[in-house]
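Before any comments, here is the structure.
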């Protein structure tokens, strides 16, 4: 049995490089030889035991690679073809998928997230892709692995936050937190036609990157109250759309307080503990507010659209890749990324 | 100076019938001689001092009447014409109105609610209508005052909850609380094509009325856990849409727990105190949930649409009027309504 | 090789009962033993040679039956289970399917319509169902074949016309032509909350049925100009939504002329020859009109929603089945249906 | 009586500079002293007698200026304030306005277009603005007249074509004709997140400008069949959205032929004569196509959003102003513009 290297969750606090058999493709599946992947904030939650997965699981959900094997019934692809696969791998054929809720595939919450959650993920030399017909997205020639590395998750998620915020031409959009997903939300808000984008964070390098990706104003909330600043910038009205990209009470609540009546809070964060809705910021339920949550959209069509954006040059997320590691040194990469050392935004992992 | 009777808020705990000058119409305004009005749950909040209004204000925001005076620039109407005016009286010309947020008229939260909140209301013999061109809605001949009495507020609000829940043909909709607004939400869900409507309350007469207005299942939550019952009725999936029509933590939270991933919580309640979002019921923010709040839509066009529904016979809300009082006895009506005595749903007040 | 009876297109003017091998299920497919089916207007176009299909093809696209065989990878179903399959059988996994255009499956126009168009249809004892996971919809217990017989096509199409017309509570909706699809559009408009539904046709029995399914007004256009009548009923404004359910220049144009500015023409008809857009009725392109075309939505989720409507008792389409034939006499059924004899609306065919 | 200069339609073929009394503001109105305006293609239709207006009417509908007089009831503005007024001046208070169809104000098609159509326009020293509360939009400090000159009409219209096309991130959008409105549609498509914008015209300078405003590909249809080119660029699929910005059979039909199934034709052109819908390009009505027409959105809120876009630097339309004339020489400007001489795109007229 051929073996491969894989980053395996062994228990809270431990993700280690191990060896596993190279997987094979059943009907409707494909095997992708991973050429580049990355680590997500969610992987750090898994590492810390904050998000439960089964010990022994290979982690990682952002694969770029080449097709190594095609299962029965997977047509229209060729071995060796370069592909991206979304973090979310919908089946396309269940009730939620058929009505457009592909991230909730199978009918239970978050059901579409399989890689590194309910099946082996892609921080490995090979990854088995379920529902391959719905999920293998060929990479347009001319795009490097690094150019499309953000498509599977953070670009799809961040853009989704902008899309589901229903931004209109001329809107003021505030984006709370400028980690990788917040930065993509900022870029997404720019793509949707916001006329004023206000990015909030504390890390100067992230605020700088926010400007590069489209923010008109940046607010360091250690020095400036972001809600007051947003109200002032909007003549006391508040933002049309506020995007939450961190998952804390403070950012969630600030989003609400920064919104105008009738505004939309587009939430991307993963919350834990208790979350309260401040009744005053919410006009006691009478402010015609909307609160929309978004899980990363997946599937090959989504990936194609995102890669088309990359091809067009509209958005270039390569600057987010601040560090590069071979798969052999992935434990080191986790250490760096989990502790947010050395100005890390995203790491590229090359098997 | 001609005087009239009016129900005046004198301070917490006191709404009393008093005398005030009959108002006159400035430019763009109209005076309506009230022929019927009603008391709303919000009026009770005002009475109890829970929602602050200025002492001396005439309360009430649900007028049916005839035009008694037309100010300069108000064209296309005639004295004596029967009209309904919405509880919300948008100007139609400010920024929020022009982009469709008429209930947030003026740019501050709840700004479109003026009657009995920021200007004298209609529990009186006459009421001054601001922005009359946008708000006077002629009553189609053949409809009685009682038939259209619910249009200004609870029908508009309840239907709005169904509309903003984005109900689709074949949806399962749960409506939590079957007071007057919840009952109208139930009727609205029926109008929008839900295939299964589940109404939750504890009062048998209200559950009975819910069935009459379109509910397929009713749940008395004193005897049955509504979340469990809804999950069971939906094969474990949850409802597509849950409408909150009470404004409590319990109903709000139950709505979330009763929803399927990707579902919509359409909130109509007025919340006070603390409101928490249970993170588990919310899939930690990853369930593609939507939470939409709605303030009663107003304006003459809205009123026309609602009266067209009444004319069509699709919905008959007359059974909600359980008690009738002359304006002279409005204090008695408040006492009955505030204490929910004698199976009261709505009272008709006739000046 | 086991043989079965099937209605086969032999060439223009000839659909005949023949014999074919019973099909078997490949991976992802299922075989359904047909227990009831019907004939559609499109089948008549095929018969007449107006819509080209390959000679030798089994026709028919509205199957009700029981599962006779399940191919590899088709899980969650059991042999003998009663199912409905939509006329449109999306794969769920191609680009159009993944972005919600399931009727255009595969990326070419009308690609989702396979039965009796590009693969053997269901006017036969058995039918092979492609992409079974996306298309087999179990029939709720308690519903008869005849109750769900309209789900695969005309109910889905007619309702789709109402849904895509974006009908709102209180709308006036005109439905031009009250054949089976127009009648379902009438029922759909009722389900979506229109307050006034105006049905246009010439056949008294169809107008009668329109009333039964929800029309408030019926217009026999041999005696009354429908555009004038609609304008008169709406105080000169025109309808909010007009649904075209025939596919002729006259009905298409009348829809446009009957619309208010900003209104929506929802088109269900299949047009041939030349179709012109009367510039005057269209405000020279400046009337903010919308023209939306809809092909029958398919897939198992759609079927489930429609059957839920049937279960709820909201809509009962059994009266549309005016005639019943065994499969053996299907040529006779075609003769009756194609010539619209004997007041036929729909025929039930029982293999 | 104070007199002013005004460009007056005297009859087909004749727009001449004349003298008229300076207007005064009635209740709800304002007088704007025009500091800059421009000529629109529609004005040329009026000049040629192709669009009928009353002889004696002052033409022009794109005013930039300062407030010279405020009528009774117009609050929140000051004399001397710089403002822009949209070409469309909704009342905000009629039925269509209250349901969001402001361009169809008053309930008849194109009813919101008043300036230079049903009331005196702005190619004059002063213009009377109806419904001033809904229509006076203050110009942000720092913006010149020329920077905001396109807001009243072509920017609003062109962007409206992109907005109503419901462009999504990653869409391919084809824009047929790159006159001033088509160029704004190109800029609007870019603002909404299209990943590939294909601009079609024949004039090299316009194609050059299209690139500058966001087109990725330009097609000169004298040398290249645009439909074939679009199909080739999209791998045979067709565009997601096609915007028609000319108003001819050829461009309309090419839009349809260039669309993918399920795509949207967003139409901005003003059509005359006969317009036919090619049934084949339309999949006989079964292609799930949408055809949306848009009249220039107006009102002060729209103007504010557009000026915010200008302020943000996202779009700079100053290069469209190719020629400048004093009002005294407006006849010369008409001659140049009507004959499309000297590479003219838009002219600035300064009273």
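Each chain carries a letter (A, B, C and D) given by its place in the written order, and its residues are counted from 1.
Quick note on the criterion: contacts are C-beta pairs under 8 Å (C-beta built on N, C-alpha and C of every residue); 3 or more make two chains touch, one makes a residue touch a chain.
Note that this is a predicted model, so its numbers are computed, not measured.
Participant: Over half of the contact pairs shared by residue number: find the pair among A-C, B-C or C-D that meets that against A-B.
Facilitator: C-D
Participant: Which pair wins on C-beta contacts, C-D or B-D?
Facilitator: Answer by contact count: C-D.
Participant: Whole-Å distance, subunit B centre to subunit D centre, using C-alpha means?
Facilitator: That pair's centroid distance is 40 Å.
Participant: Which residues belonging to subunit D are in contact with no fewer than two other chains?
Facilitator: Answer for subunit D, listing residues that touch two or more other chains: 99, 304.
Participant: For a test of understanding, state which residues of subunit A touch subunit C in their complex under the given definition.
Facilitator: Residues in contact with subunit C: 27-28, 72-73, 90-95, 97-100, 102, 131, 133-134, 299-302, 304.
Participant: Which stretch or stretches of subunit D touch subunit C in the complex?
Facilitator: 96, 99, 101, 103-104, 107-111, 113, 237, 247, 260-262, 267-279, 282-295
Participant: Which positions of subunit B touch subunit C when the two form their complex?
Facilitator: Listed in rising order, the residues of subunit B that touch subunit C are 159, 163, 168-172, 188, 191-193, 195-196, 216, 304-306, 308-309, 311-312, 314.
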